[in-house]
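Below, chain A partners chain B and then partners chain C, in two separate complexes.
Then we have the complex of A and B:
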């Protein structure tokens, strides 16, 4: 079975993000970039299939600026077989990204396309469904487990308080919420092998995409206000006395009751 | 008296001797060939230190005579020294019996005394050892029949020795009395000689002599097939022990061009690891002192060593026959899975306890290296910590940009701002990010300023030195982190480094030199001790406090810093220092966080830090504080007293905090 995992390179979750000078985007300097966490889960799910059946092929693709190559290397180091980079230095709309990915999918002809359910930078969650739409493939969201089943694939989805098991015959697009195991840490031979692997590059034109699909614009970006210091009271007395003092403080100082 | 080997008997003795030594030699040659299956490793640095070790550890039995085994150690030392004295006389008997030659000194009265005294001492020690195994078996000890047989043989050797010596004394008594002034006959032999039936002496002499020498030869032939081979292998094991700092793990050179990493099979271990396995006497002292084993983890350091030996003897011959033959993973992987090797805190209690200088930690970390680098198979929490180090430069995954936040408002200069600072204060990840340890970092700043020490920090340029990664087996990540720090240090011309973290200290002082980073590194406590001694800081009475000192493993056992922290505590007015006996100094008990256990969940057995807090409460129930010099220990002890519900009663602190609280600010804040 052939898997294609679509990933996005995002600021690592350990980075303290700063707002850029235009107040509509984040400041680019000093950022450590990594694979978006849900995409890492998607890679892990696909690689688990490869662990179970060595004939499985796992490819990865991303649409993004040249630095995204590092994210693809990381995926290769984890054990993916090949990677494709669709370069676009410009910030694209989700629909344009989906169209570019659809071109790669049509060429690679995977049985299953996996995406993280949303990227951790803008949290829009648009690319996956848009890609399914562009391909005309069925789409399953909130995937947590993927196993071969009687009629193709068993797709486990997380739902409130439990899970559902869907079955699907490839081809299918599935959006990953989590994997049972944490995304694997690459082995050192894996890292070294990934360093030597060729990563073919395409541009939007070769995918037949002219950017310009409708997109929302960011009006203003701001950090949450700094939280003030907490206050510690040392209260003595019986429960009633303490409760009275707390109530008084809540009413007069915090003005919340 | 001449040896009872007239005529053909000398030939019989010669044949027996050749047969015995031939059998022993054949076996030893085979063991040596098996040893050569191990990977190459050079162990010829520091020749004088090696000689010193032979004198102190092998001949001097230094490690056997340590707490808490001192009494038992004396028993072993007596048998060993007796063995040396009596082997000399065995050699004399063989030489005399075959060729009629003598070993030097063997015809002196003092030597006769020596043999006599040792024979009795050995006999007594053997009896005690026998009874102990049979009736009061220590739980750690792996008692096998072989041990009894060996003890029996040694005892029999001593009895026959005394008997033929006595017979000799009885035969030549008159002659002796004339030669040497009375009453100088060898004491025991002289006493026994009195009760021997008159006239029977020559026959008894011959019988006991032959019984003795036959036993010696049988022993020699059999020895290399028993764990008592350690009599021989210990000479080499001690002489070839690691002479680099104990806390420094082996470097994997040219790591980017290697194809396999760590140890999964026999061939991956170094020949020294295999020699260690031959040398193990199965005494169990390592198991006895292991905090993981003591708290119910699947790790047993003795088993790690014995599994290697078992596998070597089982599979080695096949590997010798076929250089390409596949080997199986270490036996303990099959039984307990890699959980054993992940349970180790690298606290070095086993290494410290081992009388024959076996190096357990390297074997365990080599196996972790295989798992982490080849299989990418570290526990998930460990993987998370490694990813965090890679991406954020600290195992907690806190923002890189927040590294200097702990010093907000303190005005601590970075080395870029103060390039002429004498010391670089390497804060470390805990001091930078952990709220509790940020207070320790601030305390150190206060002390350094009060003493007028010129220092600066790296600020956001600092990144994890990689200690947790290296201890998790991720040598590659360690090298990346270490190289990055070395580059930063060298870029700023750093020469002297202070750190309040024993793990940072160990890595920068002992491991950075492997990658070319050589600095004068000091842990804060020895420095503060010096500042106190030089009266550069003044301390006032902080009120009476009972403070127990907890030895951090990477300060104490790994780096031998036991006294300085205690001297600092003793210099603090009002502080009454206590020891967590008997688990203190060399026998200190790990907090549970070393060996990167800090970043792994502890799901099996009792938590090591809970056990440590129990030990504290047992030893010093009236302590109000427990002080250490390590951020991990502080976190673990804090958590431990919290879980035990005694946080109100005994408060974990860093020694530096106690010092800072007693500072008299005499000089205006300078430096820093």
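Then we have the complex of A and C:
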């Protein structure tokens, strides 16, 4: 079986994000970039199938600026077989990204396309469903497990209070919520091997995409207001007396009850 | 020499940093239990850390000594007890077999040091011979086609977890004026009949790292157990220690770096007299000095590592790196505990563990005094 995992390079979750001077984007200086966490789960799900069946091929693709090559390299170091970079330095709409990915999918002809359910930078969750639409393939969201079944694939989804098992015959697009195991670390031999692999590069034109799909624009980006200082009350008395004083302070000073 | 290590070396170290972040409570649990969980060692094998110094032709990664030093720094920053076991396993033990072993010995023994089934041990020190290593009393006598080893070894790192040990024993009698005459290195599987591991030592620090006595009670091994040539073991031990000293320098850098980082983080949060304590010069100055010493120590360690990678002599540089880095780690951890104040003395805050763990670094793989002897001897012989 052949998997294609679509990933996005995003600011690492440990980065303290600052708003840029234009107040419409984040300040890019000094940012450490990583694979978006849900995309890492998608890679892990695909690699688990490869662990179970060595004939499985796991490819990765991203659409993004040249620095995204590092994210692909990391995926190769985790154990993916090959990678494709579609370069675009411009910030693209989800629809344009989906169209570019669809061109790569049509060329690679995978059985299963996996995407993280949303990227951790903008949390929009648009590209996966748009890709399924562009391909005309069935689409399953909130995937947590993927196993071969009698009629194709068993797709486990997380739902409120439990899970559902759907079945689908490939090809299919699935959006990953998490994997049972935490995503594996790139091994040191994996890093060395990944260094030696070529990562072919395409541009949007070769994918047949002319950017310009309608999209909303970010009007303002702002951090939450700084929290005011807390206040420490020194309360005396028994539990009932203290509770009364707290209730009074919450009502009259904090005005929250 | 490049002041900033190359991309691949740095990437390997960052991968290990990422893995070490996931250790979480396993570090504290193992330190309290006083033993290393072997699943962690297995993970290091899977990650490729244990075989990183072994050439690709022998199934390893073939990474540079610089990369290994950077990786040891990362391991030590997270867990010094683990770093010393890896330094001995992959630096001294695997390194000696790679350098002096026959093709058969490399094929037979290196996989056990790379796959995470345990951590190899190096048995030089004896109850009556520490810094004066050549005064060892363990003996190896010819018996038929092989050898019979007798002796008692002391303070052996990872003895309890080791699949094999490189043991130094003397063939023949000591010769006046030639203290290292006859000393021979043997590769001995720990399950060989007559190998007896004593009770684990109760130590001040590095609690999860095993340190035990190992007895060789008429252990019989074949000729194929001899590493290098008969009578050439002291040179193997000294070469191993040169590499080991780079490893302990890197471990010291990791400990000092982690102590400074923790002290900074705590000092930002801890408020006294209405302000974070990092605003006080009395806190800033020691941390500034410690950070400068961390960088200086790292550069010394990487210089020694780069010389080794280039095939150049590095004995003096390794001794300098080990001396400076281990003593810098004492100062850094002392000052870090001071920043934490009373909380620094409490087990709940891990900073005291780094201070206890750092203490060993000026002692093992040659005390600071031995490093000064090595450096001075090299200066005098060059004059």
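By our rule, the second predicted complex is superposed on the first by the 257 of 257 C-alpha atoms of A that agree within 3 Å, B and C clash if a C-alpha of one lies under 4 Å from a C-alpha of the other, contacts with A are read in each partner's own complex, and residues count from 1 in each chain.
By definition in this document, a residue touches a chain if its C-beta (ideal position, glycine included) is under 8 Å from a C-beta of that chain, and two chains touch if they have at least 3 such contacts.
This one's a predicted model, so the numbers in the text were calculated from it and none came from an experiment.
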item: Three-chain arrangement built on chain A, chain B and chain C clash or fit; value: clash
item: Which superposed partner A:181 touches (first chain B, second chain C, both, neither); value: first
item: Partner chain in contact with A:192 - chain B first, chain C second, else both or neither; value: both
item: Which superposed partner A:16 touches (first chain B, second chain C, both, neither); value: first
item: Touched partner set for A:30, first chain B, second chain C, both or neither; value: first
item: Intersection of the chain A residues that touch chain B with those that touch chain C; value: 182, 185-192
item: Residues of chain A that touch chain B when the two form their complex; value: 12-16, 30, 32, 34, 78, 181-182, 184-192
item: Chain A-facing residues of chain C, complex; value: 8, 11-12, 15-16, 18-19, 22, 46-49, 52, 61, 63
item: Complex interface listing, chain B residues touching chain A; value: 255-256, 259, 261, 372-376, 378, 380, 383-384, 386-388, 391-392, 397-402, 476
item: Of all residues in chain A, those that touch chain C in their complex; value: 77, 182, 185-192, 195
